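Working notes, structure below.
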């Protein structure tokens, strides 16, 4: 087989695996969320379908598929149908540059445990994440409903605002590793320490901003049930609704993966150099912990008021992240690269 | 085989003229503004193509600056549109007729 | 060859979306067409060895600028405005014809004068060409002056946008009463 | 050096009126008489300074005298612009005429102007600066500055204190004159660049512009001057401006401003572009003759006295132009003297018309009739001045016109007597329209009730007219001193012209 | 080269002003709302001290930042003009923005930012700096044009200005892209060298030059890219109009002349006739359209178009060796003259204007000659200067620029210039007529800052019209042998 064909085959296989993993993970994240929240609230959560309710996601999926698609009156049909798709696609491709383990040798071939590793990886994730807004804002607009519209607009404003803090808080690790490639950043932490040690503020800012970016509690304003009756996806049902749901949870996974890669050494862990496959395990474990943390927060934190949320983003997070960049730059200049 | 630079330039010229036509053709201030953005993008495409042709990064850097400027322009432009809308619920440039000409 | 085919397909999409933007009645559609156009252009950037610019293109243009557009369109309800009459009946075809003529002339001019040969191969450095590191290197040395200059631009734009849109409550009431009078 | 320039006679005579302006600025508006006295006093002192200048002047020297030269500006190209003043036989009489007429005109408008008095006199003094400057400037740039500057005060004088149609007249006057002068500006710039200097004396000395270029330069300068003169067919602004201007304005307009044009022809066209002058002499002479006849014919049917006098100016200045383009000594000498004559006679005519206008507020001849019986002194004066204007021997007009005709007859440049013959016919026509006017207004019985009780001239009006009358007789009877003043300079000019003529006719 | 190079001597003026503007933004927060005049004075202080910095910077090695900028005499000359214009604007605006209830400290900062943009344009030696500086100049102006909040015409004016400005920028960028495609560089001197080398693709090059001309033509409002001017000038707050009718124009010309004289010098013979025709059209159209205007703001708008034509005339003379200096100093001098004259005129317009954008008819000047003789006299001097009559700076400027054109062999252009000056006399005179020869009940509101500005400009207009040598020397000394 020629080199080109090999590369294509490799990429195709990796993509297939990733897709499968993501979809499964999505399904079980929803399940996990319901379970964890239930435990935290001293309930049982889903436990009817399958042992411990483990088949619940499958049942939910089946139900969504067979449910009737409902088209609101006066909706812009084309865009109404397109919006969920536009939301899902970025969510699916965002993980393409995420390294989930060190390079492994299979036969004579060095396989990277990421679909691709490009030198603008971090930017890629950021840009794909920024595209995701469209689905939401279009869904809100196309539904021809006040509440959807408000939800959509709020989501847009919120995401744009927090994207800045998110982007700037990334600069710290990037400067320390002097690369925009996620893989390089992870490797750099191998040689130094996890950047959470060097970048505590950046780490926290990123976490907060990423919660807002994926519209998770306490920043789930756009879909606030009490005010907006679920926001931009109010009018969606069936597959449309589940696609939004899917996008949201996959994005959760994606940003969690980003967070750990930037600040918690990604796939790094004991003996990962010797046994590369351990990287995948560490990676999955860390992601799961972050997801659990997010669910925990959802279960315990009250929702923020919208204006407070915006003010917090612009007046607290953004300046803080700028200060963080300044400190990092000073550190790098005066104490030589760490 | 690499695509010849002139193909990109021709494409960019086509986009540029479409944009320019849009500015002359449309009346909705927002769409007019979007046409301008299209023109800028056409210019950017040409710059990147030339940059590749000469093997220098100057063109790419220029594009970087154009994008920054465009972002700033959009901030101002949209602020203006919002302001005007507040006062008079229309952004049709023909409706803006308290000034003649 | 593969590249050429990809180019031609994408170029068709690109021009198609541009025309779509031009002819859309609905501003939201126009904006979406433009987003598509920008994304395609980003792909061209990748083809031209400018990955960094491609990513910035998507983040800034598609992710920020066009979202803002969309936001404003929805906020002010601009998509509802039908262009009543628009240009005078004879002006429209004239404008279109002029635009088309200009396009043909430009294309012919470029096509006849520029060499159709593909650009030279960048060789080993091809992988690194246009990488963030390289861009940064140039940006912070040769182009440091415009880079600093642009900070004033951003500051001014920020101040300006705030000034333009910030309304004091009192004034608003006056405005509203004025509008009611009219 | 700067101080020297500041105290030089020519600088003093040019800019002294500015001192008066400065003083006037601090006088309160209400004290009108004070304002008048200060203004007239300034003008009189200026006249005295000009007499001092006359004393310092050496009539035997044909070159520029009492020169003032100060580098002024440099545009970084080669040519420097200088502040260059000087006087010679061609300009001295005109300077004296100006300084002489201005106080008279001011005095004459004592009762005529009652509104915005201060501004009026300020503009008048500014006008004086501009006109004297034009006659003295020896640098093209400086000349142009003064030349254009005269427009502004005149524009205001006509526009603010003029008659009913004053705005129209003012704008017409301004645009017409400016239209000509901008062409001259182009030529000036061309000369400055290609000849490397803006200095008139240097330019004349340098010469050597090739004849075909000279022609268009000549035309460009001529455009400015011909409009100002005004030559037929560019005269249409003149009746409007004259009729609408206040009396003193008309006096200065006719008495001095028209001479700016004829002076320009002598100083610049004849001196700097001799070949072109020779080339265009027949054309200019033809236009001049047409002007003489046309002016006279159009004057005849006018009912408005002022308009009549205005058109007669077209005719008189035709003589001046004819004399100039005879391109010989008599012609030019006569022309220069005729400029002075016209200033005096027409100035006096306008003043006299103004006096009766102040009494009756009309200039329509039909309103008058038999004035002689009511105002004998006025009638006598009017008669003398009219006769002078039409060129009766023994009065000044005759001397000028006769010399000019002599020149035209003997002119090699024109090469034909036909011009002189037609011009002579103009003298006769002048007699017709002048006498008709006189007859209509002064002779016969008093037909109009309103005229019955008109007062004759008072002492102030006599003070204004008498000096003019003295000059009318002086020049008419003993013109030699005037010819002496200009003789040497004109000789020098004609010598160079003759050389050119000789070459051309060979 | 690194960040430390930003402290290079030649960058000090622009850096100093930038710092001042930024600090002013912050300082302004502590200045009480009803005493924003303090901010105005601080702005003036900043401009004055920048002028001092400029004076101490002249004579340094001009090329800096690896050829990005070239702060030579031409740039310094223009710095002075920009600082002057900005200072006059600040002086004019103090009472104006207070009167119209738009008093905010940011107003002054925006003026400073725009000034920074102009300075950037004057020192640009690379297309990228031209472009960025142009935008730094334009964006504050868009905001300033819409500063009369709640006034529809001001907002519309800003909108129009903005859309056309953005449109023009797009042309400029595409033009630069094509020139880059032809020569492979954006550095002005390198472009020139590449063209001389002969390798440049002519189609790209000429297309690029054309589009750059269109782009900059929009900015400086030459025919046929002028249609935005009257509306924008009329709708914007008068003080802002004054600012951009001089400042923005000067900045645009600075860049235009530099680009033409330096980058496209080898192909002078090809672009000079185009510039000549543009210049002629601009003069003719601007002046003829001004005749029919009844609003003084629109009249001045068209007049400013016309004046762009005159300055453009200097463009044709350039690119021809020694003549280039001559033309450049002519343009600079004309700009100085125009700055004084026009700022003064707008000051008077503001004095007569009761509330923003009212009382703008020329007819509303009726009777000014009687009521406010000094003010009317000032207006007369300024109008004469705009017409180009001696003894005013406008005349010297026109003389200078026409001489440059004739020197370059464009006699016909000079002819168009003088003929259109004659046309312009008609409508400038009309203002004088109305003031002096018609009666009216005009009221002029002259706070002392306004009278100071008007007085200074009028005196300068007159004095430099009579003894311009000192000014000429500055120009000649600074601008010699630099292109």
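Letters A, B, C, D and E name the chains as they come in the text, with residue numbers starting at 1 for each one.
The rule is short, and it goes like this: a residue touches a chain if its C-beta (ideal position, glycine included) is under 8 Å from a C-beta of that chain, and two chains touch if they have at least 3 such contacts.
Computed from a prediction, not measured in an experiment: that's the story for all the values here.
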*asked:* Using only the chains other than chain E, in their current positions, what clusters of touching chains do you get?
replied: A, B, C | D
_Counting one step per pair of touching chains, how far is chain E from chain C at the shortest?_
1
*Any chance you could name the chains that touch chain A and chain C both?*
none
*Any idea which chain sits dead centre by C-alpha averages?*
E
_Most distant chain from chain D by Cα centroid_ = A
*Out of B-C and D-E, which chain pair has the most contact pairs?*
B-C
*Just curious, how far off is chain B from chain A if you go by their C-alpha centres, in Å?*
32
*asked:* Using Cα averages as centroids, what's the distance between chain D and chain E in whole Å?
replied: 43
*Averaged over CA atoms, how far is the centre of chain B from the centre of chain E? Could you give it in whole Å?*
26
*Provide the C-alpha centroid distance between chain C and chain D, rounded to the nearest whole angstrom.*
69
_If a residue has to touch 2 or more other chains to count, which residues of chain C qualify?_
52, 56, 64, 68, 75, 106, 110, 114, 142-143, 146, 150, 153, 156-157, 160-161, 164, 167, 175
*asked:* Touching at least two other chains at once: which residues of chain E meet that condition?
replied: 128, 132, 135, 139, 142-143, 146, 149-150, 204
*Shared interface positions of chain A, touching two or more other chains*: none
*Chain pairs in mutual contact under the definition given at the outset*: A-C, B-C, B-E, C-E, D-E
*asked:* Under the definition above, what is the set of chain C residues touching chain E in their complex?
replied: 106, 109-110, 112-114, 140-146, 148-150, 152-153, 155-157, 159-161, 163-164, 167, 171, 174-175
*Which positions of chain E touch chain C when the two form their complex?*
1-3, 5-6, 11, 18, 21-22, 25, 64-66, 68-69, 104, 106, 109-110, 113-114, 116-117, 120, 126, 128-129, 132-133, 135-136, 139-140, 142-143, 146-147, 149-150, 201-204, 207
*Touch list for chain E against partner chain D, complex*: 325-326, 329-330, 369-370, 373, 380, 384, 389-391, 395-396, 399-400, 402-403, 406-407, 411, 414-415, 418-419, 421-422, 425-426, 429, 432-433, 436-437, 467-469, 472, 475-476, 480
*asked:* Quick check: in the complex, which residue numbers of chain B touch chain C?
replied: 1-11, 13-22, 24-28, 30-31, 33-35, 37-38, 41, 44-45, 48-49, 51-53, 55, 57-58, 60-61, 63-65, 67-76, 78-83, 85-87, 90-92, 94
*Residues of chain E defined as touching chain B within the complex*: 127-128, 131-132, 135, 139, 142-143, 146, 149-150, 152-153, 155-160, 162-163, 166-167, 169-171, 173-174, 176-178, 180-181, 184-186, 204, 227, 230-231, 234-235
